[in-house]
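To start, I am sharing the structure in question, which I have written as structure tokens.
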Amino acid sequence: MTAPLSPSGSAPAPGPSDTAVLTVTCPDRGGIVAAVSQFLFNHGANIIHSDQHSSGLAGGTFFMRMEFSLAGLDLALEPLRRAFQSVVAEPFGMEWRLSDAARPGRMALMVSRYDHCLLDLLWRVRRGDLNAEVPLVLSNHEDLRGDAETFGVPFHVIPVTRENKPEAEAEQVRRLREAGADFVVLARYMQILSGDFLREVGCPVINIHHSFLPAFVGANPYRAAFERGVKLIGATSHYVTEDLDAGPIIAQDVIPVTHRETPESLVRLGRDVERQVLARAVKAHADHRVLVEGNKTVVF
Amino acid sequence: MTAPLSPSGSAPAPGPSDTAVLTVTCPDRGGIVAAVSQFLFNHGANIIHSDQHSSGLAGGTFFMRMEFSLAGLDLALEPLRRAFQSVVAEPFGMEWRLSDAARPGRMALMVSRYDHCLLDLLWRVRRGDLNAEVPLVLSNHEDLRGDAETFGVPFHVIPVTRENKPEAEAEQVRRLREAGADFVVLARYMQILSGDFLREVGCPVINIHHSFLPAFVGANPYRAAFERGVKLIGATSHYVTEDLDAGPIIAQDVIPVTHRETPESLVRLGRDVERQVLARAVKAHADHRVLVEGNKTVVF
Amino acid sequence: MTAPLSPSGSAPAPGPSDTAVLTVTCPDRGGIVAAVSQFLFNHGANIIHSDQHSSGLAGGTFFMRMEFSLAGLDLALEPLRRAFQSVVAEPFGMEWRLSDAARPGRMALMVSRYDHCLLDLLWRVRRGDLNAEVPLVLSNHEDLRGDAETFGVPFHVIPVTRENKPEAEAEQVRRLREAGADFVVLARYMQILSGDFLREVGCPVINIHHSFLPAFVGANPYRAAFERGVKLIGATSHYVTEDLDAGPIIAQDVIPVTHRETPESLVRLGRDVERQVLARAVKAHADHRVLVEGNKTVVF
Amino acid sequence: MTAPLSPSGSAPAPGPSDTAVLTVTCPDRGGIVAAVSQFLFNHGANIIHSDQHSSGLAGGTFFMRMEFSLAGLDLALEPLRRAFQSVVAEPFGMEWRLSDAARPGRMALMVSRYDHCLLDLLWRVRRGDLNAEVPLVLSNHEDLRGDAETFGVPFHVIPVTRENKPEAEAEQVRRLREAGADFVVLARYMQILSGDFLREVGCPVINIHHSFLPAFVGANPYRAAFERGVKLIGATSHYVTEDLDAGPIIAQDVIPVTHRETPESLVRLGRDVERQVLARAVKAHADHRVLVEGNKTVVF
């Protein structure tokens, strides 16, 4: 079996390898920061970064991300997790996650025929810019096999037609699970995923849509942008939900355009903003900076 | 009668006072640039800036803007216009306009209760940054009288209710015509103008909408942006047509926002992008840089 | 005596009036967050926002800003300050400040002849966008008296010449102290302030420089930008130190420019970026978001 | 011999293959546009785009770029050039160039060890986004051989040391000439080129510098940016002259940064802006949009 793509030997490390990230979501009330920071201090963890957010006043939701050093820790991560659950998480009713920053997330990619988002992510992984490794690229077409294999990443084609879609999706899910994917990135994958797929795959799925949502939902956003005569085109990266192009937005950006552009040149210009926005969203996710609340995100 | 607001004595001139601007729209075919530039050269006009655009290949529309010096002209502007019509415009089937850059456009403003766009435009006129003078501010509320009058601009209130809207609009049109408005700017005027108003007023009407259209058409775009969880908010300046927020777009811009913002703070942040985008659109219009084709603009 | 300019009656409040902001700088070591958050929790303060930063690993400096609700506090602010000093600040060797967010800072303005930064700040204060009040505008010229007085702000002229500079600065310091200034903003004040002034005035002084520092230090940056043929022009807001244009930077921004611009049009375009950057820096300072470390800032 | 990298079979064409571009620089006087457009019209050339610029009033320099269709032309390009020289160029004292847009420029790349600019340019050529082909990549290190060869581009290593620099440069020049380079791009080539090299190579050389020039000239700009505490980092692409980092600027851009960044993370963030700015400059050059006047550029 091929090893997943990961930073090449000479690449700089993407971050301190001796840190962990704790993310917390819970009902807002007094004393949360004190309880968490006291717990970490008691176990010898020095907090390096800390961010928090409250979605409102009384009755709102509290979000927190703390990155701390493992250097002086008195426990291994697993017993620390058990202690945190009983001492802090249960009393405050927390949903939480404690991630070892030294263990890169396993990012599976799904693509169709456009190469720009795929190549951009593979370059960033190889360079050590993304705290992720790529165990698998799935596609419904052969076109990008050469690009994936140049990076030493396994490339599997599962053709998708109107008729075979349920079976094809089941096979996709099987491959993604087998690859141990922590999250899936649709790097311009041009098929709509069903609710069944999303439930079965059991991990977050990140998409890049080639417009500044909610403008130009659906197919052909650059043509729609051309016809409306907008002076900006954009891209939006979001978590995929069953509602088309309506999931929680992680990152967006735009670039200025003029009357000189055609639908074709908008496609060309848009590639740059698509790959930048997708890379920004994927990096935030891989660094455990994104928390979801309903249909919105908190990006620390 | 009060003189309209115009650049104060010490303000720098907004441009060479001895230039004129020719704008042309016509069916695209060979020889247009040659014919126009030869005509201008024959009459002693030196071209300073020239822009052109073709909306497509055969069968498309041709757009041009030429700014030229009046210094060596062998005719006054009015006979030059007559000559241009017979020698160039008729053979090519042109819609065209020849504007004396030294004559600022008369820009009437319509406002409701928000001061930021009004103040920004009045300040730019006073500074000499906008080639325009302001003969009148119309409002449906008293709130901004002091601001307008500080700049020495007449301020008239015409209350608008559901019941009196046709009469109120007729009075607005009467005032705007009396003021000799060349164009009207809705600087956060919070009433929808009827098709009758737009036909009667007989000059372009520029609006600022507080979203990146076509996202968030209609009322309360900042609340809608908050609820959708977008990571950018924007503003769009466009010519007003009978279709709400659907007229030709002149300028757009956005600013990044995060999960920390509330609907109220989005309103505050949005003020900066609203006034910048409106000022940019108004300046382009006042400098005769905007040509309209169907529902789109060419901005030279 | 005239009351300082402050938000007009109908203006929205700039922030929750029942919060306080604690800012802390100290040598980095374990337990700081735990100690501070435990202290606040013990006194009934609910933390609303929290930011922290460490300037390095061992031996670095720790920076923190916490905004908390006063609603359930068991002490008034003054006894809370005394308790914090003995319980937390002394053991950790902290420099710290606890500010009542409901008390706007007293921002004195110094100007010369350009109106754009002055007007922009006065508009923002009147609208309630800046948590500040303006007790005084000082100038070395009469030009902007009308603008200041329109907003009801006292305007004093102290002429400055090469000969009288020490006396003029002494008089400026006297006026600023008398006005109770918490900080001074140089809104395009065109004189260099001496080290004596900076020491005597005893509060932070914020400047706006019309270039992206460190490019184009000193006089005439737009002409220098024109001559170098840059494709961006910018503005930088920084704390003033004895080294010209070399103090800690708070905010910077740029706008694109082309070969079409002249030194004069760069000045005009630059006004927009100058006032935006200055407003952003002043707002960050007024909201107690800026901490200084040597010649750099932490802006939370 | 290996064919140079050029758009792959399925790539979209970068522009109409039946157009040509005329660029003109000459002393400004009346009648230039008329003469050129009349000449083109007389020979059946339909003007598609036209841009012009005057660097000043009387005594200034005039710059023009016209793109026209070859479809109805009555002459081949070579006789058209001869006719233009005698009929138009000589009377007006023009420096000019008439380029067949269907013939991509031959772009030689020089690199050292950083892959991001190299990969980005090779990918854009392959996609057909850049009207260029790549006959050669020269390096002073072996590191990027695999990347170049993946794209099918010849890769030659010429080690450069303090001792062998004149000989190494002579060999570089020989290789570049042999490859028929129309222009050279330094895609993070980490050696300073001598005046002898620049004179001998006989074609434009484009560099990417990793700062917003003129700030942070020379080595280690990201460290200098970190130490100055700037809130923006940038990149500048310019033509190389004998004065280090002082040649005519083609494109610049910046991205915002905060106190959280380290010199290392600035390097990582900067890679995105470096490759975008370099690609923009190279595209403008390859499309014959850049005219040089002294130490500045006109970019149409």
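Chains here go by letter, A, B, C and D, matching the order in which they are written, and residues are numbered from 1 within each.
To be clear about the criterion, a residue touches a chain if its C-beta (ideal position, glycine included) is under 8 Å from a C-beta of that chain, and two chains touch if they have at least 3 such contacts.
Note that this is a predicted model, so its numbers are computed, not measured.
Visitor: If you tally the C-beta contacts for B-C and for B-D, which one comes out higher?
Guide: Answer to which pair has more contacts is B-D.
Visitor: Farthest from chain B in C-alpha centre terms, which chain would that be?
Guide: Chain centre farthest from chain B's centre: A.
Visitor: Give, as an integer number of Å, the spacing between the C-alpha centres of chain B and chain A.
Guide: Comparing mean C-alpha positions, chain B is 43 Å from chain A.
Visitor: Could you put a whole-Å number on the gap between the CA centroids of chain B and chain D?
Guide: Distance between chain centres: 37 Å.
Visitor: Residues of chain D that contact two or more other chains, please.
Guide: If we look for residues of chain D contacting two or more partner chains, we find 49, 53, 260.
Visitor: If every chain is a node and every touching pair an edge, decide which shape results: line, ring, star, complete or other.
Guide: Topology of touching chains reads as complete, every chain touching all others.
Visitor: Touching residues of chain A toward chain C in the complex: what are they?
Guide: Within the complex, chain A touches chain C at residues 29-34, 37-38, 40-41, 44-54, 72.
Visitor: If we count contacts the way the header does, which residues on chain C are in touch with chain D in the complex?
Guide: These residues of chain C touch chain D: 53, 212-216, 228-232, 234, 248-254, 258-260, 295-299.
Visitor: Residues of chain D touching chain A in their complex?
Guide: Residues of chain D touching chain A: 12, 49, 115-116, 119, 123, 127, 129, 150, 260, 264, 268, 271-272, 276.
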